[in-house]
Structure formats: C-alpha cells, structure tokens
Amino acid sequence: MVGLSLGEQNFIKGGIAQDLRTDGRKRISYRPIFVETGVIPQASGSARVKLGGTDVIASVKAELGRPAPSHPDQGKVSINVDCSPIAEPTFEGRGGEELSTELSSALQRCLLGGKSGAGAGIDLSSLSIVQGKHCWDLYIEGLVVSSDGNLLDALGAAIKAALANTAIPKAQVAASALPDDEPEIDVSDEEFLQFDTTSVPVIITLTKVGRHYIVDATTEEESQMSSAISISINRQGRICGLTKRGGAGLDPSIILDMISVAKHVSEQLINKLDSEIAAAEACDDEDDEMDS
Amino acid sequence: MAGKSSSTPATYAPSVSGQKKRRPLIQADSDWVRPDGRSFHQCRPAFLRTGAVNSASGSAYAEFGNTKVIVSVFGPRESKKAMMYSDTGRLNCNVTYTTFATPLRGQPPETKDLSSMLHKALEGAIILKSFPKTTVDVFALVLESGGSDLPVITTCASLALADAGIMLYDMVASVSVSCLGKNLLIDPVSEEESYQDGSLVITCMPSRNEVTQMTVTGEWSTPKIHEAMQLCLDACSKLGKIMRSCLKDAASVPQD
Amino acid sequence: MAATGGPNDLSSEMELDAFRRLFPLRFHERHLTESIRPDGRPLGKARETTLALGAVASAHGSALAKIGCTTMLAAIKMEVMTPTVETPDEGGIAIDFHMPPICSPLVRPGRPAELAPVISKQLSDTILSSGMIDLKELCLVSGKAAWMAYLDIYCLDADGALFDAALLSAVAAFSHLQIPVVSLNDDGRVVLVSEDNTVAMKEKEPVNKERIKLTLNNIPFSLTCVLHKNYILADPTSEEESIMETFLTVVLDSSFQLVSLNKPGGPGLAHTSAIQDCIKLTRQRVKELQKILNEAISDMEVD
C-alpha cells in the first residue's frame, strides 16, 4: 500500500493527463529493461528481469512425466508465481497469496492458449517424447524479488527470457523387444534442444488513470488506477490472452482502443526484449566459456 | 489401470466400451455441429428465479440448459474480527461444486480461481460505500456443470444481490463465446468448451454499457475479437432484460 | 432470563416482530397455549412436503425434497469396485451429507457446519440398518466386480428438520435410481453398453440386464419432534429448533416397524408416554410420506 497525500495524488494524475509522468516518461513508454539469463544454474533455464524498481526471477525446470489422458501427444506446463515477503511487507504471511494466484492464473491464461492448445505460446506437442507414455513437464516458477508496479509484464518478459535460456536434454527411446513394454528413456547429458521462443507472446498492461491509460505503471501510479487491462500479444500481432483487473467498468469501445494501443506498443517491446535476451544469452555463453 | 485390486478407493466409473476417445476433427473450413442443435449465435434457454433459499438475505437460481446454479447472499453483516476498519464494505465470494456436478465424480474444476473471478466481476457493480464496516457474502453452489459455468454463476449472483437489496449501479450480465476453428459459438456447453481453441468471457452492466470483467484465452485476431465482443455485448443486453423481468415478476407477486 | 421479569406489561405495547425477537420463548409459549404455531400449523402437523425425482441429469438417480422451506438435493452416482474378500457378492453404499455455505447464514466457507457429519452418520446408519437395500443386488460378478453407490445429499436451504428431509430425498433418489447396463470387456474391466454399439458388442453379454432397478423393501421414513414441557411439536422450523432444544427423531419403515429412535440429550427429559405419542405422530406421517413418494414415482413414469 502506498500512502499518498492528496497533493501527490493530484501531481501523478495531472502529470499523466499532460503526458509527462513523475519520472519523466511519456504515457506509452517503458522504463529501461534489464535482462540477465542463466541466473539459477540448477534450473533448465532461468532469467532475471529488472524493470525500474521491479525485479523478478523466472526459472524453468523440465522433468520427465506422463502426458494427460486427454492430450496424449502433448507435454504439460505449469506456471506458479511466488511473491516474496522481501518485495513488500504486505506479502508477508498469507498476504501475497491472493496476488500470487491472480498473477499465476493471468500468466497461464496469457501463455498457455485455449483448451485445445491452439494459440499457445509454448508449443506443447514439442514436449512429447513417446505418445501417451512419456513427455516433458515444464515447471515454470516466477519469483517477485522487488515490487514497483507492473509485475505481470515483468513476469511475462522473465518467463520469455527463461524459456529462451532453457535447454531440454535430448531424450531417446531405447528400442524394446515388446511393443507393449514400457519404453525406456535415455536422457542425454551432452545434447540439448533449444526451445523455440519466437511465438511466446509478451504481456502489456495498460493502466487507466483518469481518462488516460499508461503502460508500465509504478506502484504509485497503480494506486491511482481505476482499472487495468493486461493483453498478451505475439509477434504476428495476434492477441493470445486478455485479463481485466480493477473494479471499475470500462466502455467496450475503450477496450478496443486499448487493444490497438497495446498492439502498437507490443512491436517495440518484442524487438527490445529479443535484443536484450540475445545480448544476455551471448553474455551468458561467454561466461560459460570463461569457466571451462 | 485402477480397475485391478490396487489402492483403497478402488472405484471407477465405467466408460463406454469400444471407442476410446471421441475427438472430432475440426477442419479449418468445415462447420462445427452443436450437440444441442442450436445455431452458433443462439443462447441456451435461460430460467431465472429469485428467492430460492429462504434462510439467506437474497438468493437466486439459474438454469441454462444443463448448467444449474444456486447463489445465496448473506449480509451485509459484521466483518471478521481480524479485518481492519474499512469505510467501504467488503465483498466475499465463494464458489463450490457438488460432487455430482461433473460427469466424473469428485473432480471439480479449480474453484479458487472461479471465486476470485466472480469477485472481480461483481465488485465494480456494487456500491460498496453503502455498507461501511460490513461484509456481503456471495456463495455459489454449482448443482450441475453443463458449460459456461462462470458466466451463469455471475449472472445468478447479480440477481441474488438485487434480491438481497444490496445497492448496485446496475445488474451484471455475463456471456461467453468459444472459438472452434473458424466458428464463434455463443454460450458453449461443456463438450464445446473442452475442444475450444479460444474463449472470450464478458461481464458487463448492460444499461451503463460498461464492461466489469473480460478474459480472453487462445489466439485471436483483432477483427475476430471485435466480432466476439459485439456478440457477447448483444447477448448481455438481452440477458439483462430477462433478469429485469425476473425481478419485476418477483416484486409483483405479493409476498406472504 | 429477562423473559421471566416484566415483559408482561411490555408485550401489550410492543410490536409483534420486536416481541418475537426479544422474547422468543415467551412468544412461542403463548402460541403453544393456544395449540397453534407461529406459522399457523397445529402442533402435530408437518409442513407441506414436495418431492421431485430426476433433478440432476448427470447422476444415475436423484431427487429434490422440500419440507416447508427446508430443501434437500440427493444424487446417486454408480461406480464399480472390487468387493472385499469377506463379502465377495455384495456391493457398497457410501453416504455423505453436505451443508454448503449457501444453505444457512451459520455456515461459512472454511468453517463447516458441526451438524453435517452428525446427520451424515445418522443417515448412513438408518439406511444401511433398515434393510431397504439388499447389498447383494449391487453385485455384478461375484468376487470380481460390484457397484458402489455414492449418495451425496446437499442441503440447499436449512429451515429445521434437516434429517427428515435428507432421509426423504435419499430414499426418493434410490427409488429413482437407474443402474446403467454394463458388460465385462476382455481385460476384466466393466464397461458401459451403449445403445448404438450393442450390435458390435454382441459377443459380450450385459451382466446386469434384468437388474437396472433396485427392489426397495421396508423404506424408512422419519419424523423429528420437539419436546417442550408437555407439548410435542412435529417437524420444527429452524426458529423452533433454536429456541426449544429437546428433539426426538423416530424412524419407522413402511410396515411401521421401528428402525431407529434418537433423542440426542437436550435439556428436557421425555416421558415414555411422550415417546409413544411421537411414534403415533410418526405413523401418520409415514402414511403421508409414502403417498407423496408413490405420487412422485408415478408422475415420473407418466413423463
């Protein structure tokens, strides 16, 4: 919770109305994004994203599992977010629980697509090893280390970066004598498959303050919002998920307007993020080479 | 797997023999045939009634095809002791399923998520300032799940709130649309939901033309979102009229 | 306590509703002396009772029972189990009674009602001991497969006499129960025989073609009475239950044999004559309930 005086509140609102926010940004500009990959060596892939004062870590862990009976030719992905009490005193105890579930379900909605698997940012069929028998289960964990607004966008970016960093071991099926036998899986520890992240969407949250909406709101700005819409958009400019937050109602035409603004912003964000991820990966590889 | 003498609760529901999975192939150019014979843009017949539970402050029963829901509203009553002082009222929502609601016994969907979605859909419509320091409890029980559960729960909850005399800016109506191949299906049933490529749920206040909650899953192009939103909004305003007439009917019948 | 003090003079000036809330016991006792109850019923009369069969399409058997405002929804789902070694040719019945938060202002999520497990136990004791259902009828293949009937009863509106309504909905759900026709497949697993592929499955005979309905003998019916001083109030509302706290529940079967008699403590002690009066009331009530059940069944058959 941010306790703001009436003057401060008016200052924030007035600034947004005049397209000059308290930190000097325009309404639709992001804070500088800083991406670091491979921060957790034990995980299959990991990344840390800093967006101003917001700092999040995402890790991906791949484990062998059994596919669900309803989708025998696909792997499974679970997304879980934890809000650390380090980030904010209100997250202590069970305080962060509600926010954690809200963020997890919003991320699931934005990244995993429809029930049939269409439009998923993560290609679930690429996780299949033996149809109906073995697949990869991806456990994606998000951790909020420090919170200064716009957690969902930061987590979305961190998951995208962590997936780009993810290397799944090559799994080979050992030939068995009988077709009914449980196939044995050889997990290679030398050959790894890189994950294709070109279709992973980015999430853009537009926060409505007064009559205008802004991207990448800080906690102070979020405290003044009437409602917010998080839209996940992929490289093709298609919408992969949408969640509304905040109590106040919105006119449908405003929502459509917000979608088109988000689309415009997404192009810049995807390019920016991709170059940051590539740079971080290159940096990470260099470190590896230095180590060896 | 579980049929042989294995773990303790070794019961299973017998499945239909012969065919293992019935998974229709949805070609990009072929049309989906709705299991209940509706046209794509036709909602299921809705039955709404207020005053289903006598011991609650307000309640409503909603039946959309096989989806049957009861919502009770209690309060405004004293907030929990642990809650801090608040000069606006609180809204507490809870959704539960009966064990026989789903085709397979005891496998209800994630209700925690549904409860928070219901909370978000309703809070924008309630004048929380009108009952400071107190809590309004909205409890929903899904008697039978037949698809589009959340929209039906939301609609029913809004009626129950009105029945309880809680001050509202407007009624809240909710409708969902499923995307199957190239078809947009309004008010999908369970079977359609399990095959859907994407879904769009809109909760809105029809007379104020404001959207209180909107979720989209799956991949959508902008024109398709336009089309689906318009479809939902039109259905919401129709549903809003049905809800109004239901409340009017209840008010015109003399209470004994 | 205050009720014994000076409300005598107050009561004439006070509004009815306020008097009812402030001095509930006096309010009710004054009615009792006139042999009438606040809802206009005579002391020994139960509330209007309705029964609707087949309320839940996704269950194999279901019923909705209403006694006054108390509403119960019971549904049965059949699943297959392997019978125990001791009773290889018997199936099983699992009964669960739920009070979801919607039914009463006293129940909140995360804090389940204390009453629910009590009634749940009482129901399963009554149904299993009454001999209404022969568990052998639930057998499919001796020692291999038998039915497990999951009976779940949900209280949708709690307004007193919960056990009576729950038992009525439970027996009605059993009389509506339609057991699916099944056969054994090659793996020894029980599978449904659907109408469209019976031709293809000709070689596998359905194992329970003749047994899709259970024979119900000795159906139990119950009546709960409140004992207060010398008065006996049949079928109490939740208001009456909260004020006068001595109950007696009598369960008789359709041939008027006593199945169970339950007086769970309470401040009042019951004379044996009072118990006999309760049993007499229950006998009348059983006749009523039997008629209601038969009507509901014949209504169903007409449909």
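A, B and C label the chains in the order they appear, each numbered from 1.
Note that in this section contacts are C-beta pairs under 8 Å (C-beta built on N, C-alpha and C of every residue); 3 or more make two chains touch, one makes a residue touch a chain.
These numbers come from a predicted model, not from an experiment.
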From subunit C, the most remote chain by mean C-alpha position: A
Central chain (by mean CA position): B
Computed distance of Cα centres, subunit C from subunit B, in Å: 30
Intercentroid distance (Cα basis), subunit C paired with subunit A, Å: 51
Subunit A - residues contacting subunit B, complex: 70, 98, 101-102, 105, 109, 112-116, 118-119, 227, 229, 234, 237-252, 255-256, 259-260, 263
Subunit B contact footprint on subunit C (complex, rising order): 55-59, 62, 69, 71, 73, 75, 77-82, 96, 98, 100-105, 108-109, 148, 150, 152, 154, 156-159, 180, 182-183, 185, 187-194, 197, 200-201, 204, 238
Residues of subunit B touching subunit A in the complex: 112-113, 116, 120, 123-125, 169, 179, 193-199, 204-205, 208-222, 225-226, 229, 233
Touching residues on subunit B, where the partner in the complex is subunit C: 3-5, 10-19, 52-57, 59, 66, 68, 70-72, 74, 77, 94, 96, 98-103, 105, 137, 139-141, 143-145
